[in-house]
Each structure stands twice: as C-alpha cells, then as structure tokens.
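There are two complexes below, and they share subunit A, which is joined by subunit B in the first and by subunit C in the second.
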Partner chain A sequence: MTAVVGAAEGPGDLQGSAARWRRRYAVDRIMRWGLPLALLVVLAPLFDMIYWIAVRALPTFTLATLTTDQVGLGGGLYAMIVGSFTLLGLATGFAAAVGIAAGMYTAEYAPPPVARWARVAGNLLAGIPAIVLGYFGYYALVLYTHWGYTTLAGGITLGVFMVPFIYRTADLAFANVPSEQREAALAMGARPGQYLTRVAWPIALPAILSGVFLAMAIGLGETAPLLYTAGWSSTPVAGLFQPTSFLTGAIWNFYDYPATEGSFQALAFQAAFLLLVLVIGLNVVVQAVAERYRRRTRGMRA
Partner chain B sequence: MDEPHPPGDRSGPDRPPAFLGPPAPAAPAPPRRERSLGRWLGSPLALAPLLLLGIVVAVLAIASEGQNFGLSFWGPVWAFNPTDPAGSTYGIALFALGTAITAGAALLLASGLSLAISIALTVYLPPRTSRVLTTLTDLLAGIPSVVYGIWGFVVLAPYFASSLEPTLRNALGWLPGFGGPESAIGGGSGLLLGIFILTLMVIPLTTAVMRESLRSVPRELVEAGLALGATPWEVVRRVRLRVARRGLWGAVFLGFGRAVGESVALAMVLGNTVQFPPSLYGGSSTIASFIFTQLDSAFFYPELLRALVEFALVILILTIAFNLLGQRAVSEVRPRAVAGAGGRA
Partner chain C sequence: MTEPERGGPRGSDPILSVRHLTVRAPNRTILDDVSLDFEDREVAAIIGPSGCGKTTLVRALNRMAEVAPGIRIEGSVRYRGEEIYDPAVNPVLVRQRIGMVFQRPVPFPMSIYENVAFGLRLQGIDEEELDRTVRRSLEQAGLWKELDGDVERSGLTLSGGQQQRLCIARALAVKPRILLMDEPAASLDPTATQRIEELIFDLRKEYAVILVTHNMQQAARVAERTAFFYQGRLIEYSDTHQLFENPREKLTESYVTGRFG
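And then the complex of A and B:
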C-alpha cells in the first residue's frame, strides 16, 4: 500500500478507483476483527489459570483449611494466613507512613527540582526487582543485625517494596486536588498547614486509600522479599522476632510435591486459590474507591 | 490545628471552604515562618524514596565487600564447591544468557500482543467493552507470580511436554532452538514454558503503557487523518503509532526491566539447571531466579553470598537503566505529541 495520507498525493487520492477503495477498507476490517484476537490470546490463559486453580483447590477446601495449622503432610493454612496478614500489617504501616508523608511533601512543599528527582527515585524504587530487595533484607536485617529470620525483618522488607506504590498515588492525589480549592482556601486566610489537613487531605483521601489497597494487593502476592527475611514456621507467628510462614511461601515450598489427596500440593493450591480471591477482592475495592474519588472531584471541576 | 478562624472561614473536614455569604474580610498573610519550615522539613521527606533507593544500593555495595566483578565473574563457568568455596568459580554468563533469552523472547511476544491489544482497546472496541477488557488485562498484573508459577508447573508443564513441544519440534525442528533429540523434551519445565509465563506477566505492564500513549495522541491529528479520507487503520499506522512512538518504546523498556527482575515464577517453571540450554525445551536459570534458589545455601558460604550480591547488583543496574530509559520515553509522550502537532501542522 502506498502513501495514502501523504500530503504529496493530495485530494486526488480520495477519488481512487473503487478497487483500491475496497482494498483499503478490507485491510481496515481485517484489523478491526483481527487485533482484538490478541486479547483472547491473553485472557484465555487468565481464565484457564483461575479455572485450574479452583479445580485443584476447591474439592479439599473446607472451613478447616482456614482455621487449622499445617500438620504433617496436610492440615490447614491458619498459620500462613495469620503470618501473611501480620507481615502485610507491618509492611502497610511502614509503607503508608513513609509513602503518604513523602507523597504529600512532594506534591505540596518540595521545590520543583527536588520533586522531580523524588518522583524519578520513586519510579526506580518501584522497578527494583523483588529478589534484590529480598537480598537487601536478608543481608541488612537477617545477617547484619543477627536477628535471624524474623517477622519484623519480613515486614520491613515488604514495606520498602510497597513504599513506591503508595508514594506515587499519594503524590498524584495531592497534585490532582483542583487548584481552585487551594486558591479558595488560601484566599480565605487558611495557612498552608490548614489547607493541607482540612481541604486537600479529605479530597485526596480516597485516591490515597486506593493506592494503599493496591500496594496491599501487590504486597500480599510477593514471595521474593519474604522468603529469606521472614523465614518459615509451621505454627502461627509467635512474636515480632520469631519467624513466620505466609501464603506465598506455602505455594513456593509445597508446589513440587507429588499430587495426592490432602497433600502438600493440595495445600499449595488452596493457598493459591485464597491469594487469588484476596487479590481480586482488593482490586475490586481499589476500583470502587477510585470510582468514588472520580465522582468526588468531578463535581469540583465542573 | 486549632487556631482561631478568621470570620467567614467555614472550612471544615468535610466541607471545603467556599464563598458562602458575604466575602470574608482580608485575612492576615500566612506567617512566613510556617511556610519555610514546611519547605525545609519537606525536602528530606520528599526524598524518602531517593533515600530508600540509596540505602538499598549502599547495602548491596557493602555486602559485596569491594572485591567485585573479576574476570571469572563474567565467564560462563559456575563451579561451586562446598568444600572449597574460596577456590570455586562464580561465572554469571550462563545465567545472563538465560535472562537474555527469556526476557528478550518474552518482550518480543509481549510487545506485539500488547500493541495489538492497545490498538484494539483505544481504536476499535466500543468504549464500554473496552473498559471491561481493560479491567481484565489489569487484573492479570495483580496475580501473584507464585500463582503463575504453580499454574505453569502443575497445569501447563505436562501439556507442554506431552503435546505442544513434540508438535513444535516436528513442525519447526529446522529452526535453531526448536530441534534437538526427542529426549531433550523433559517434564515440560524449560525455556519455552518460562518464556510463555514471562510473556503473560509482562503483558499487563506493556499494554497499560502502550494504551495510555495511544490515548494521549491529540484528537485533532486523528480527526485530521480521518477527514482526509484515511481509513481508521491508516490513521493508526500513519498518525497514532508515529505520534505515540516514544511512549511505545517506553513500554518496551519498562517491560524489559520487569522481565529481568522476575524471579519466583521463573524459578518454578524454568527447571533451574546450570547449563547452556540445548534447545528451547531445555532447562535454564536466569540471574534473578538463580539468586532466588541459591540464597538459602548462601547462608553458610560468605563467598557464595558475595557472588550472589554481584548478581543482584547486575540486575539492579540493568533494571534501573531500563526503567530510566522507559521513564524518559514515557514522560515525554505528552509534550512531544503536542509539539509534534504544532510542528507539522
């Protein structure tokens, strides 16, 4: 096909022969129906994955799976669920404190060059491979401190991993507060601190929360920062300086055992199923919160 | 924050201030001190991400204890001898090859698929369908990598070994990498499965970035193209793709950074062998997956731990480089698109 939109050919091109016209639109039609097929290529595996994990997990999935400890080859996921949420709680506490504060200051106070560098650093931090952070946690918090494998080390490492996700959304949330709101507040005599806590914060909160939930969904699914910091334990977490098990660790530790009824592998699939449910649930929450935020700011911009 | 409000200030936690009633009398200017204090305190806090990044890099540099990257480090020999850890050879080349093959092939496949998907989503599909499908592709990004791994290992590997790989070998055996003896096909774990899984894991990221770059193409350019009589596809090819070019490349770079860093899922489906992969069906290891599987035993061998930190530094530098390239390209999407429109119009 030769240049069609090229300026050189001019309007004469529009009066091309009927055959040529048909050919051009045939190509367009092929693309119209062909390109969406790529979506099928990608979504088919997604549904296949969800289907197979449900098939492998559900026959043996009972309430006891959630409430009993792992015993011998089988048992339940209680210790891992408690461990995962303890780690996630620690990590979210750390990451939310650092991320929200940093995001707020980047958007509101930092001079533009500082803000630019901070944003670049935030994006780079988000790009650090999880296993590199795992090594960092292992070296700095397990070996150097002589703590050994601890829940605290796992929580901090996971927290460092989660910081950039919260930071980015908090930064955006504050930056996206309509400037009329700031101008109105300042014009009425509010101090910058008052503006931040009473005007910007309530407006930005839903977006910040959706960032926190998103970071939690990502953190819940991570293995590499935890395996060599939180260690492993088949009983529920006993303290901050004790090792703990976690859901993703259950999958990694048990996935290659032979598949028999009530086995380690069944436990791994149950953990995978539970993770899928939790992660998809958190994503739904993120969508709902983000939608609420959009509605709230839309009214202001109108 | 309980300072007395000037009259007329109706700000409250859930009532943003607005001019209700008579205009407020002129309020005193905010005290200078508070603003500068905020700025002064703010800069280090805003730099928290930079600080964390610095701490991570510094710890890794300290962990490597300064004796790094010798000649044998870049070599292809990995011969770890537990009885003589100091005399062992720690070469990265085989793992770098694994990373290059898996990440390269996955990116090639993911870029093509993502381009097709993002064009379909932004141009061809009706908005409502497009929104639902966008949510679904984003969901793919949220699935934990261990879940990809267990699905790949337990569900896909037997299928790969029993039907897909023999079929490929018979059909494409003349291509380098696709041939090899029948025995080369093991349990299904190997490069082919690793590439497949990695492609799926990278697609949500590349798709999201490509989608947004295509969306940020100025509407006037698209409409101008259509008004000239171009078909929608011709507008895609000659306008949208050209204007969004940098953002599309940015997606590829960001995707590569992601692919290089993936460890868990690959450790589960790649076979974890230390060898020159005989074919696409053979096992392999990437730098990241190898660190992941070896860190446990490194506890007892300081030399092994040091070798692994050098591995970690290599992928850290690679990911930082690719992320910087990607960010640069992506951040320039909008301004350039507008400038381009002005320049050509």
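And then the complex of A and C:
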C-alpha cells in the first residue's frame, strides 16, 4: 500500500482558516499576560510585607536589639530570642522523636488498616486550629498539672502542634523508599529493624530532615499554642518550670502600643523582622537539604 | 507427578530438594504441587511463559515468598536435608545460605564497599576479614579490575551491568551455597548480559545456581539442567540438551519451538 500524503489538500493549505488562527492567538495572549499577572498577585503581598516590616524595624535595629533585655517600654529582644529558641528546642526534640518513630512504625510495621487510619488521624491533627491546641495545653499542662505558665508547658504544646508535620514527612519518607531496596535487604538476611536503620534510614533521612526544618519554621512563627501555656517574662528564661517570653509574643503583646521611637511597638516590628529572617533561613536550609537528597538518590529507581 | 523426573545420572545428594511445593495467593494458586531436585555446583535454568510461577518458585526457595502479604506455602523444601520451612528454622539464616539476585540491579545507596560489606556487617564480622572478603567477592564478580581500587564511590554511579555484578558480589560475600537469580540480565544490554552469563558459568565451580530466565538461548548457553513450568506446574525437568532438542512433553516442545509464550 502506498501512502497518500496531502493529496486532498489544494493550494493555500499553509494559511488555514484565518478566524481559527485569530482565536488561537487571542488565547495565547491571555495566557502569556494573564498567568504571570496571577503569579504577581500571589507574590506581591510577600514582598510588600517584607518591605513594610523592614522599613519599620530596620531604622532602630542594632546589635543591642539582639543582646539586651526588654527595659521599660523599650530595650531589646534578648529574652524573647532565648525564649523562642528554648521553646523551639523543646518542641523539636519532642516532636522529632515521637513523629519520626511513629512515621517509621506507620510505614514499616503497622498493619495496612492501622496505617490508613493513622494517616487520616495525622492529617486531622495537622488541621486542628492552633488556638484550640493552645487552649488544650492551657487546660492540660497549666491548670491540671498545677504548673502554672511554664516553658515546659509551652514547649510540649508547641511540640504537639509540630508533630503531625514531622510524622507525615517521616511516614512518607520511609514509605517512598523503593520496595526493591527492602526486598534486597531482607534477601541479604536483614531483619526489618536492620533494614530500617541501615538501608531505609539513610535514604529517608534527608526528606525527614527537611520535614523537621519545615516544622521548625512553622513552629517558630506560631503564637497561639504559647499564649496560654508559656506565660511571659521580661527576663531570659530561668528554668523549665518558669514562664518565658517569645518572639511572636512580642508582636502579639506590643503591636498596639503608641509608635514612638524605642517603644514597645518598635520591638514588635523588630521581632517580626527577626522572625521573617529566621523563617526564610530555615526554608533555605530545607531547600539545601532537599537538593542533597536528590543528589544522593540520583540513579536510584523509584 | 510424584517423583522428580531425572535427566541423567547424578552423583551426590541434591543440595536442594523440593517436594509437593504449593504456593497460594489470596485468589489463585501460583505454584501447584512442584517437586524437583537441584544439584550442587550446577546451573539449573527455570523457563516458562510469564506468570508460570518461575519467580515465585525461586522466592519460595529462600523464604522470600512469604515477605509478600497473603501468601500461603505448603510442601517441603530441604536444604542439604534440612527442612527450611521448619518453624524452628530462622529465615534469616536460610537467606544467608541461599542468596538472591533480582531482575533489576538494586544497589543500596551507599559506597561499593559498603554494599558488598552489607551482609557481613549484619553478621558482625571483624574489619580485617571484611576487607579481604569484600575484595574477593568483587573479584569473583569480575568487578574488582574495572573499579581500579575505587570502592568508596556510590554503588549508584556504576553502569547497569556493573550494578548487577555488584549485587552478585554482595550476595557472594556472605558465602552462600546456592545463588538464586531471577532474570539477572533482563534489564541489561547484550554486552552486559554476556558478562553476566560468563560469570554464571564460572560461579558453578563453587555454587549451585538456579537461574530464572525467559530467554531460552540463555538457558541453553549456561544451564546443565532446565525445568519448564507452565501455569504453576512443573511440566518437564531434564538435561538442558534433551529438553531443548528432544523434549518428552508436547507442551515443552511447543514452548521451546516458539509456538507460544
């Protein structure tokens, strides 16, 4: 059979129907200008916010802002920085240990129905409003324990808030290890625990780490779980069972004071600026870790 | 089928002896009452069309079949007279004696050295012994010279054929007696395939090799004995030459002459 190429088309078939072409070009123009515009609308508030905070924070932002305590109506953020990192450290320690272990169990050991429900429950926990969690922390760790406002109560409540983010990424990280790797490890005589620690763990680690850093970035910027649990203190945290201040609390507490120089309101903006820098920094770390992950497993079949 | 069909004279006791092996998945029977023997220091090929149970057979021989959920196994598999499905037997030890190489190379995401050392480290072997065994295993797998001493780079940087030989070295390092190979060359190009076949040919001097393949030429090239499976049943098991040139069963004949499969 011989192929008949273009036999039915006469002269002029390089031009086609003009009306159809006009319509296609119109669609193309909308896409070309409309889509970037949508992206601009998405990103504009971010840059506007960074600018808006920077111009209010930077004129009075000095090294002393980071190193001195709050004094009278002004002073520095030192106590809040120490408080925020203490709370974040406690929360991350708790959330990472529990979240990674639970993720490991869900991905490797849990019977399929258990794993299914655990994943649903994990997502549910991630969706609980932070303020509800904060109130729960207040009831369980401040009132019920008779501790009062403490750094420990704040750290644990913040940890509970962060757990589902770490749990989800850890579960996914282990579940995404190619099943061939598991089979090959077992066929070498590895027990499931040895497979997890020697083969799955190094493969999953970068993804788990980026989950932990992401949870830290989210936790660092969280206010609600701490308001009713950590209390407040104008001096650096003195112990786990003492109250503490924290950076987001500075914004919450000081924002509506009068805007005079060296005032509480300036502290609020400085805290906001510092938080922004820290959160962006953590996100950069997440990207770097993710990139390393891609490099490490390049050439491995999914 | 009561007794395995014997394809020629045999010397010593079989290294692996399969009797009435039946493997069931939740809704079908994958292997149906299979009995056959494998001899030490021989290559046996398992051939048959897709879905005939070849892969399940080799997975049942080192207790890997049970790793998949819902699999039920009946019958007996004896390794040098010892029942591997005895409840007192540790499947981990079975898998160390009876090594496995998969269809696609699966290097662990670690250095070449650590890949080969993996099984030994599980057993807690000392460092000096480790160095020697890693080197010897890489030599046996024909990879040592090509690496030029660079065993610290990632196993994932090797070519597909090299990765597969790395996996063979890794399996050899724990000193198995039997090597199960599930279409080890299926994902490789002809040159790499040839190297694997030459390697299998050499391995017979020290090991029993059970090779699953859908490539009949490959079976003819490397195997002393060949078993033909069809729909979960062992149809014929005999000397490779006889099976290909003068099969006893009609079904075998139609398969080896390419009439189906």
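Rule of thumb we're sticking to: the second predicted complex is superposed on the first by the 279 of 302 C-alpha atoms of A that agree within 3 Å, B and C clash if a C-alpha of one lies under 4 Å from a C-alpha of the other, contacts with A are read in each partner's own complex, and residues count from 1 in each chain.
By our rule, contacts are C-beta pairs under 8 Å (C-beta built on N, C-alpha and C of every residue); 3 or more make two chains touch, one makes a residue touch a chain.
Everything numeric in this text was worked out from a predicted model, so none of it was measured.
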item: First (subunit B), second (subunit C), both or neither touched by A:E183; value: second
item: Most subunit A residues touched (candidates subunit B, subunit C); value: B
item: Which superposed partner A:P45 touches (first subunit B, second subunit C, both, neither); value: first
item: Contacts of A:A272 with subunit B and subunit C, given as first, second, both or neither; value: first
item: First (subunit B), second (subunit C), both or neither touched by A:E291; value: neither
item: Partner chain in contact with A:R198 - subunit B first, subunit C second, else both or neither; value: both
item: Doubly contacted residues of subunit A, that is, touched by subunit B and again by subunit C; value: 181, 184-186, 188-191, 194, 198-199, 202-203, 300
item: Complex interface listing, subunit B residues touching subunit A; value: 1, 3, 5-6, 8-9, 11-14, 16-19, 24, 26-28, 30-31, 34-35, 38-39, 41-43, 45-50, 52-53, 56, 59-60, 63, 112-113, 116-117, 119-121, 124-125, 133, 135-140, 142-151, 153-155, 200, 203, 207, 225, 228-236, 238-239, 254, 257-258, 260-264, 268, 288, 291-292, 295-296, 299, 305, 308-309, 312, 315-316, 319-320, 322-324, 327
item: Residues of subunit A touching subunit C in the complex; value: 112, 178, 180-181, 183-191, 194, 198-199, 202-203, 296-301
item: Residues of subunit C defined as touching subunit A within the complex; value: 62, 64, 67, 69, 92-93, 95-96, 99-100, 102, 104, 106, 108-110, 118-119, 121-123, 154, 156-157, 167, 170-171, 174
item: Contact set on subunit A toward subunit B in their complex; value: 3-5, 13-14, 24-25, 27-28, 31-32, 34-39, 41-43, 45-46, 48-49, 52-53, 56, 98-99, 101-102, 105-106, 108-111, 114-115, 117-118, 120-125, 127-136, 138-140, 143, 160, 163-164, 167, 181, 184-186, 188-194, 197-199, 202-203, 217-218, 220-224, 227-228, 248, 251-252, 255-256, 259, 265, 268-269, 272, 275-276, 279-280, 282-283, 287, 300
